[in-house]
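Structures given as structure tokens follow.
What follows is a pair of complexes built around chain A, which joins chain B in one and chain C in the other.
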Partner chain A sequence: MTRFFAWTAFLLGVLFFVLPLVGMTEFSLKMRRGEYSFDAYRRVFEDQRFWDTFSYSLILAGATIVFGVLLVVPTAYWVRLKLPQARPVIEFITLLPLVIPAIVIVFGYIRLYNTSSVLPLTGSALGTDFLLTMGYATLALPYMYRAVDTGLRTIDVATLTEAAQSLGAGWITILARIILPNVLVAVLSGAFLTLAIVIGEFTMAALLNRPAFGPFMQLLGANRAYEPPALAVIAFAITWGCMGLIQLVTRFSKHERAKV
Partner chain B sequence: MSEAQLRRPPKRRLPVEWLGILPFVAFAMLFLIMPTMKIVIGAFQSPEGGFTLQNLIDLNTDSIRSAYWTSIKLSLITALLGCAAGFAMASAVVFGGLPKRVRSPLLTFSGVASNFAGVPLAFAFIATLGPAGLVTLWLKTEFGINLRAMGFNLLSFWGLVVTYLFFQIPLMILIIIPALDGLKREWREAAEVLGATGAQYWRMVALPILFPSILGTFALLFANSFGAVATAFALTGPQLNIVPIKLFAQIRGDVLGNPNLGYALAFGMIVITGLANVTYIVLRTRSERWLK
Partner chain C sequence: MAFLDLTNLEKVFGTNRVVKDFSLGVDKGEFVSLLGPSGCGKTTVLRMVAGFETPTSGSIRIDGQDVTDQRTNQRAIGMMFQAYALFPNMTVADNVAFGLKVKGVPRAEREARVIEMLQLIGLPDLASRFPFQLSGGQQQRVALARALAPQPRVLLLDEPLSALDAKVRVSLRNEIREIQRELGITTIFVTHDQEEAMSISDRIVVMNGGIAEQAGAPFEIYNNPRTRFVAGFVGTLNMFTAMVEDAERGLITVAGQRIALATGAIEARNGETVNLALRPEAIRLGRAVSCEVVLPATIEAVHFLGSVIRVRARVAGTVVALDTFNRPDQPPPPLGSTAEISFAASDVILLPA
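On to the complex of A and B.
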């Protein structure tokens, strides 16, 4: 009896999740009348805007990841080593982006850094790109910080630091050559999650008026029939790829540790 | 701590150590706290810059009230259904005697699906339940069921509910499976030894223990859908009257005709998602006391 209900609940759930995936895949193949074809994908890949916006978002994701790692790893390390009393405050700050909706944060950016302000970041394309990168770093902060902090928990930060210091290492050497390699798996997990969040992000990019992949998808969705589901398939594949990579690096690290 | 560090006078040490988190604090101030404060302060400012409550009072119009109400209803319903369906699937996998093999793929898939929100998700549902979608056509040709005639329209409130569930249910699964794993086998055995039935065990032991984590996740799901813009925008365009869409239009083109009213609208969002998340954090700490 329990088993019957369990299977029913599980299969209904699976059906709910599989149908939209089948739906978008099937729809994306229907562009040619009467037969399945990859025409919609061809159209998407022939569109220069696809490549422009996609590479723009990819570059921004890369910048966000580099900035996030440079910001989060030293901070989380330092808090663990020297400032355990600051932990609750830092953790609270890293959770704030889950509390304050992205649209409110970007609204604040637009009003705080507009052309008539002290720091007119939205005045130039490069400034706006910088602002958008900071916005993405904010969105990714809860996940990045959690991942790195969990990674740091598994290593003995104090002993490693003292050992490195007694061998004459400075702070930068310690961070780059001792701490970072030890939490690399956590950093990579955070990085792939950041990529998954940033690549199709819509709200911030649209409101800051930057040519990112998310607004491009929305624009195409409003004007075309068959390309949008093809884009959805591509976006789903990217998300799946990012999650797969996270699992891969995690499994790889377990393997490594088992060998030692 | 080394002896050399202990010997140093504490007064000189303290500020130097706090310098280590200066970059982080600067980042948080510039790109998180100050922008938010700008909105909060703006909500209490008149166009001339003086203090006023007029903006919050002005929120009380039919259009804005109904936007908040629709948003709250949408978030409550998707959180409720998301929790219920997620709990059903999670407990089916943990207790229902399903093969162990399904567990790990379900968790992986939940990780993917909870991040598969926004514009592409809207496309997936249009291709499935939209006017020319796979399921819509299939029901029509095979069973003669016309979803549209039955009053279902994807580009409406209930369409949005169904679509949001695609990321709400997996989020519930991701959070609740560890909590279900935390239920100790001994508790069930102890209850059975004392003569409890399965239903009694659930009603009197398991659910009270799980209750804070379920309610906490509920709050998280609520905030999650309350702040979502992209899915709704890609699905229904700018016309659906919910708060995030209204704010989006306000930021783009000052549709309310009063910038400070825009601040107040955003401030209302912070208050509501803030309350939901405070509930989440409080209940989470309470539930962690039991589930170790």
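On to the complex of A and C.
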């Protein structure tokens, strides 16, 4: 009897997640009247704006990930090693982007860094790109910090640090050669989440008037019928591809497999 | 001046003085153990030598150079940890080579040194394994090789055998000692296991409450403990109270038996009570020819330990432990039976009040 209910719950769960995906995929294939085709996908890929906005968001995602890793890994490491009492404060700070809407953050940025301010970042495309990257890093902070912190929890940070120090290593060597490789899968999870956030982010990019993928998806969704679900399916494929990559890294990294 | 010189070290955490006025000189190539119960400050002393803790006061000199304010990575020390602390993302060879790489040793020289180190620890075939593929004993051997590879001035061992099972512990401690002798490296070993400390050290420093209670060779520490704590902590000890009959001549009385102490005159007043101690192996079951003190006893417990049998007997209201060798033709006495125990006056240790 218990088994029956377990299977029922499982099947209901599968239906809940899979049905919308199947429906959306099916709809994206119905652009040609009366038959299934990949026309919607072809139209999306043929649109130059898709490639421009997608590559723009990809570059910014890369910059956000690099900045996030450089900010979060040393911070989480230092908090774990030297300031464990500061953990609640740091956790609270990293949670703030979840409770402060992106629109509030971006209006704050515009007000602080407009062309008549001391640091007129919005005055140039490069400056605005930098501002947008910082904004993305802020939005991704809760996910990146938690992913890295969870990774750090699986290793004995203090003893490994002391062992490396006793062998003559300085802080940069310790971070680059001991800590980072041992939390690589966690960092990749954080990076993947960051990528997902940046690719789909609309508010900041739209209000800073940058040609990102989010505003393009919104534009397409407002004017077309079949291309938006095709785009959503593409986005899902990218997401699953990233997840597969993380699995691959874990599989080929022997020491990571040992933790499982 | 000693090769490693610790002078008046003190460490305070908040209001807690963990190490108090600790001084120790360790000669080049000497193997010194810091022995004591948990919280006695032995690990803190080691961590100050390593540079992980900064002394509140006092100084640390290695080979004449003051390293008190130097960072750990500048001190040229090697360290082994209880938790092995091998880098999980690196192979055995990479772990051993790490310190050499950091020092900027050229690749060819580095590889030769790694092979040499792995041969030294008897694991030349495991170079490409990852730490998780090794047993605890193998991991600790690799940790030793890694610590020794950059040729440190001082080797620090922080309870490196505690996480291992009994058999591996004994064989590895002997290996560590052999390698230490072979390389002539100055070593400080922290342990709470007195048997471990006694078996491999040139000298033992017994610590209690942040101070060094006594320092000396294992033989001296065991046979001539200077304080009650050392006597109780190192080995098993039977305690008696005795009445001073003639302090000048060293005459005391235990359970009605007069004993003339081998030390002669003692610092006590006649009629005063003093504490005596006897090691289990100094007490014989029955009358022994060389033992002039004989006391009646009741057998309360018999523990068969293989080659040794430990008997617990009640003597003048006190339970004493005595060890006798196992001989098949001499079965241990039955529980509750009465017997005699004997010991030589020269084996009696007079403890300070």
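Heads up, the rule we're going with is that the second predicted complex is superposed on the first by the 220 of 260 C-alpha atoms of A that agree within 3 Å, B and C clash if a C-alpha of one lies under 4 Å from a C-alpha of the other, contacts with A are read in each partner's own complex, and residues count from 1 in each chain.
Just so we're on the same page, a residue touches a chain if its C-beta (ideal position, glycine included) is under 8 Å from a C-beta of that chain, and two chains touch if they have at least 3 such contacts.
These figures come from a predicted structure and were not determined experimentally.
Chemist: Looking at the overlay, what does A:L245 touch: chain B (first), chain C (second), both, or neither?
Modeler: Neither partner.
Chemist: Of the partners chain B and chain C, which touch A:L58 in the superposed model: first, second, both, neither?
Modeler: After superposing on A, A:L58 lies clear of both chain B and chain C.
Chemist: Touching A:A196 in the superposition: chain B (first), chain C (second), both, neither?
Modeler: In the superposition, A:A196 touches chain B alone.
Chemist: Have a look at where A:E162 lands relative to chain B and chain C in the superposition and call it first, second, both or neither.
Modeler: Once the two structures are laid over each other on A, A:E162 reaches both partners.
Chemist: Name the contact category of A:P181: first (chain B only), second (chain C only), both, or neither.
Modeler: After superposition on chain A, A:P181 lies in contact with chain C alone.
Chemist: Give the label of whichever partner, chain B or chain C, reaches more residues of chain A.
Modeler: Larger number of chain A residues touched: B.
Chemist: Let me test your reading of the model: by the given contact rule, A:T75 touches which partner, first (chain B), second (chain C), both or neither?
Modeler: Once the two structures are laid over each other on A, A:T75 reaches chain B alone.
Chemist: Where on chain A do chain B and chain C both make contact?
Modeler: 162
Chemist: Under the definition above, what is the set of chain A residues touching chain C in their complex?
Modeler: Chain A reaches chain C through residues 155-156, 159-160, 162-170, 173, 177-178, 181-182, 253-255, 258-259.
Chemist: List the residues on chain B that touch chain A in their complex, please.
Modeler: 2, 17-18, 20-21, 23-24, 27-28, 30-39, 42, 85, 88-89, 91-93, 95-98, 102, 108-109, 111-113, 115-116, 118-129, 132-135, 165-166, 169-170, 198, 220, 223, 226-227, 229-230, 233-234, 237, 244, 247-248, 251-252, 262, 266, 269-270, 273-274, 277, 281
Chemist: Which bits of chain C are touching chain A when the two form their complex?
Modeler: Chain C reaches chain A through residues 50-52, 71-74, 76-79, 81, 83, 85-90, 98-99, 102-103, 130-133, 143, 146-147, 150, 156.
Chemist: Within their complex, state which residues of chain A touch chain B.
Modeler: 2-3, 5-7, 9-10, 13, 16-17, 19-24, 26-28, 71-72, 74-75, 78-79, 82-83, 86, 90, 93, 95-112, 134-135, 137-138, 141, 162, 193, 196-197, 200-203, 206-207, 214, 217-218, 221-222, 225, 228-229, 231-232, 235-236, 239-240, 242-244, 246-247
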